Amino acid sequence: MTAARAIAAGIAALILGSAALLAGQAQTWALLPADLAAVRFTLTQAALSAAASVVLAIPVSRALFRRRFAGRSALIGLMAAPFALPFVVAVLGLLTIFGRSGPVNMALAALGLPPFSIYGLHGVVMANVFFNLPLATRMLLHGWQNIPTERFRLAQSLSMPPSAQFRHLEWPMLRAQTPGILVVIFLVCLTSFAISLTLGGGPKSSTLELAIYQSLRFDYDLGRASLLAIVQFSICAGVTLIASRLTLPDGLGSGLQGFAPMMPAKGWRRSADIVWISLAALYLFAPLCAAMIKGLPGLADLPNGVAAALARSVAVALGSSGLCTGLALCLALAAAQDKNRWIEVAAMLPLAASGLVLGTGLFIALRPVARPEDIALPITLLVNAVLALPFLVRLLLPAARQMNANYGQLAQSLGLSGAARLRYVTVPLLARPIGYGAGLAAALSMGDLGVITLFAGQQGATLPLLVQQLIGAYRMDQAAAVALILVLASFTLFALLDYGARRYADT
Amino acid sequence: MLTLDRLVLTQEGFHLSADWTVPLGQKVGLIGASGAGKSTLLLALAGFVAPTSGRILWDGKDLAQVAPGNRPATILFQDQNLFPHLTIAQNLCLGLSPRLQMTQEMALKIDRALARVGLSGLGLRKPGQLSGGQQGRAALARALLRARPLLLLDEPFAALGPALRAEMLALVAEVAAETQATVMLVSHDPQDIQGFADRTVLVAQGAANAPVETAALFAHPPAALRAYLGEKSPKK
Amino acid sequence: MKTTLLAAGLLSLASMAIGETPVLTVLTYDSFTPEWGPGPLIETGFEATCRCDLQFITAGDGAAVLARVKLEGVQSEADVVLGLDTTLTADAAATGLFAPVAAAENTLPVPFSEPNFVPFDWGWFAMVYDSTKLATAPTSFKELAASNLKILIQDPRSSTPGLGLVMWIKAAYGDQAAQIWADLADNIVTVTPGWTEAYNMFLEGEADMVLSYTTSPAYHLIAEGDATKSAALFREGHYLQIEVAGKLAASDQPALADAFLAFLTSDEAQAALITTNWMYPAKTPSSGLPQGFETLIQPATSLLFSSAEAQAARGPAIEEWRTALSK
């Protein structure tokens, strides 16, 4: 608990401190009229994206939960892949499918229908769904798996129709889980300026993060940057607090037998499940495959720096994943017992942090003590770990609460504590979310192109930076090939951690 | 000796007082309507509910500052007495070593305890692979290994049939006799109480009454007990 | 003198270990230093004569480079800053962190007179298109706005080419700029945060034209043997981007820094820059331009605000752009 408080305070200091450092160097304090419009657009697109992702994730995760088919496990694993994609690669993948000359528009043209343009608010939402649907699906899948098998058996033995099962078993779980998931995705979308701008169709789709970027990079207006960062924090903290008040325990208790699928409904429900799974798979993997196929030709002609960049990226990803998982576990366990929820709120703060503000703050803080180039990788590791923390805490928290409800008293009455409790109770019972979370943190770190650009020197490029540099030099084939390697590497890391943990949990 | 010294427990919309003692080795039943506070009293003894006022003493020592795992008590809950991901042997081992470091000597003790409750050879199974009765036996075996002087039973066998339940209670009595433990049994079933408890505490109207001779209590039930039992007034 | 030596020593402990080689640190954008960029050629070339160790430190792009200079102030370990462009120089000069440098001979299409900076390459902004898909390109922004052509541009708030386009239209149309933007609004597919997204999306066929440089087709022609990309020649003229380097006043290696700036406009460095940065050399090397450059369009009119004008025009022009496109 004390450790968790210290971590939470550290995070708050890091996130708020970076904005404060900027503010300390500011000369003027003013927002532009455009900034207000940016706040409005930011909220709109984040709210729509979060709602769309979660609404779609419900039938998809439910279908995945109750159906068994060849490749199910691989499909669930692969769902983390969009997270690892550098933004520009993901957008190009989406455009290959939904763009002007993509298959969707070719089909529309063949049918004599007007073309579909992805640019606009709907395009922003589509891209955000592409990135966040997998996350929402996985989080809900954990929720479904945590409904005790006994309850489903009970329901079946009572001949509860599917609608009643939904109302009495599944709805309470959804009621407990969705507010938290909505918040996470809302906050992810809050800070994603590149998506909004690129697919938004024009300056009316400007977000807060763009305004921060502009004020830091072009106008060098540190006061405005820190004001904007504070606006972003306030939105984040407000939304997190509201959601935590809305979150209710599902009251489902626990069972002894781990999870087993509920008796799959037959008839049209079966067809509906198949359709949902297929649509989700198609939506996620068609752009992904398109992006990866583009990388194949360039594999023959890779730049020399790839191996070193790969090694750096993997090292940073593993380090950041380990650090993040440890911190998240500590925070989640404490937050599960914390009635004030402020640890939970602190753990969500990094979602509101602008990567640029965080990086610049660290730069100002560390510049006097170290050469930025020398600490580029450790700083990247630390920042990536902190930025992934909210996802992991969000993943671990419901499971930790449930573990406490079910086995907290038993463990206490047996005097289980400290390392032994962690080893024999906490880790085995939370293995699934820990493995998934660690994998997610690794994938997020692999794909991240934030702080590294502020600190990296001549020799310090990571894979995403290399992709960016190659595109900047017109070398699209090589860039696509490096992106392919990046996706493969990050997916391998993810799969090892996620699959390993699932295997461990199942034995 | 267990002493409840002017103990008061308060929770939302709930209030319970108790002020009595139980000598070592006695088997006490707790009976009363649902929601009267039987389980809460047990949880307070186990250290999960802090008293609003008053003290809980074991052999004259106040337990207020003693963590649940360090209390001289073993508690069996209504369910979740076993960790589903650990084997039965590991679950039992927790009774000997909370760090779950199994030594040769412990393994022998565990085997003996399993044999004692009729679960020989099932140490490597997981709880999910056992029947409800077997799960209860496993939890009892762990209580045997822990050998704490106070055994708290919060209807752990409620899910079992009457015959099996009687069998389990007989086993509890044996275990208690072997470890010379004081037993507190919460049950809904008057027959369980009558068959098991030397003395019985009636929990009603915000008070856990001092334990009285079980046979005497049921022979001349007070109004609250009569209401609970739902019997016609005994013939005069 | 002693303090300078001490500072130099402290700043370059690593090089101290291998001897007394002085270190020249160049701060530049991060696309300058990769193995395929100009960095390695420049480093080898300069180190061959300077008896020094040339080290690069990087920040994202030109704007990020300037932001870092401002952040670090006089504590910067950089001696030379390389990669600012003419929309940023007034801002940079106003920091007072740059030292005057010797003017170098150049072959720029416009006169250049900024005491603190040496130009090292330049290019004209242009709308680039695929000549196999678009037979006749528009010849002015007005014609483009009247057409149904779809274009991709960059955001002037986050990208230097994006800012260049806003300046281009302002320089060409003055008070009519807002009207041009309003007319262009329906041609703009989207506005990307940076050049990389827009150019890539153009190559994927998302638009007919993209804002880039007149030299972009040269890359496809020379490096890929692909002659399909062309730049549209606009009657109103083309805005220039001139990339410059400067010396920080706080440098502990002022002599080396001067030598480096001189080297930057030498034939060797200039020839290297042409086919690594894909821009025009600030001073055409004696070997001339590589084969293929003669196919590029040659705008008759070059537009460029002076650095002071650019600084004054930037804020209002961006606001004008934003308002026109937000409708």
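Labels for the chains are A, B and C, by order of writing; each one numbers its residues from 1.
As a convention for this text, contacts are C-beta pairs under 8 Å (C-beta built on N, C-alpha and C of every residue); 3 or more make two chains touch, one makes a residue touch a chain.
Just so it is clear, the model here is predicted, and its values are computed rather than measured.
In terms of inter-chain touching, the protein chains here are arranged end to end in an open line.
Contact count check for A-C and A-B (C-beta pairs in contact): higher for A-C. The distance from the centre of chain B to the centre of chain C, with each centre set as the mean of the Cα atoms, comes to 80 Å. Rounded to a whole number, the gap between the C-alpha centres of chain A and chain C is 35 angstrom.
Per-chain Cα centroids separate chain A from chain B by 46 Å.
Interface residues of chain A, counted against chain B in their complex, comprise 254-258, 406-407, 409-410, 412-417, 419-421, 423-425, 428-429, 505.
Taken together, the chain B residues at the contact with chain A in this complex read 43, 46-48, 67-71, 73-75, 77, 80-86, 90, 94-95, 98-100, 127-128, 135, 146. By the touch criterion given at the top, residues 30-31, 33-37, 39, 55-61, 63-64, 66-68, 70-72, 75, 77, 91, 150, 155, 157-158, 163, 185, 188-193, 195-197, 199-201, 203-207, 216, 219-220, 223, 276, 278, 319, 321-322, 325-326 of chain C touch chain A in their complex. The part of chain A that touches chain C in the complex is made up of residues 34, 37, 88, 91-92, 95-96, 99-101, 117, 119, 193-194, 197-204, 206, 210-211, 213-214, 216-218, 220, 303-305, 360, 363-364, 367-368, 371-373, 453-454, 456-458, 461, 465-466, 468-476.
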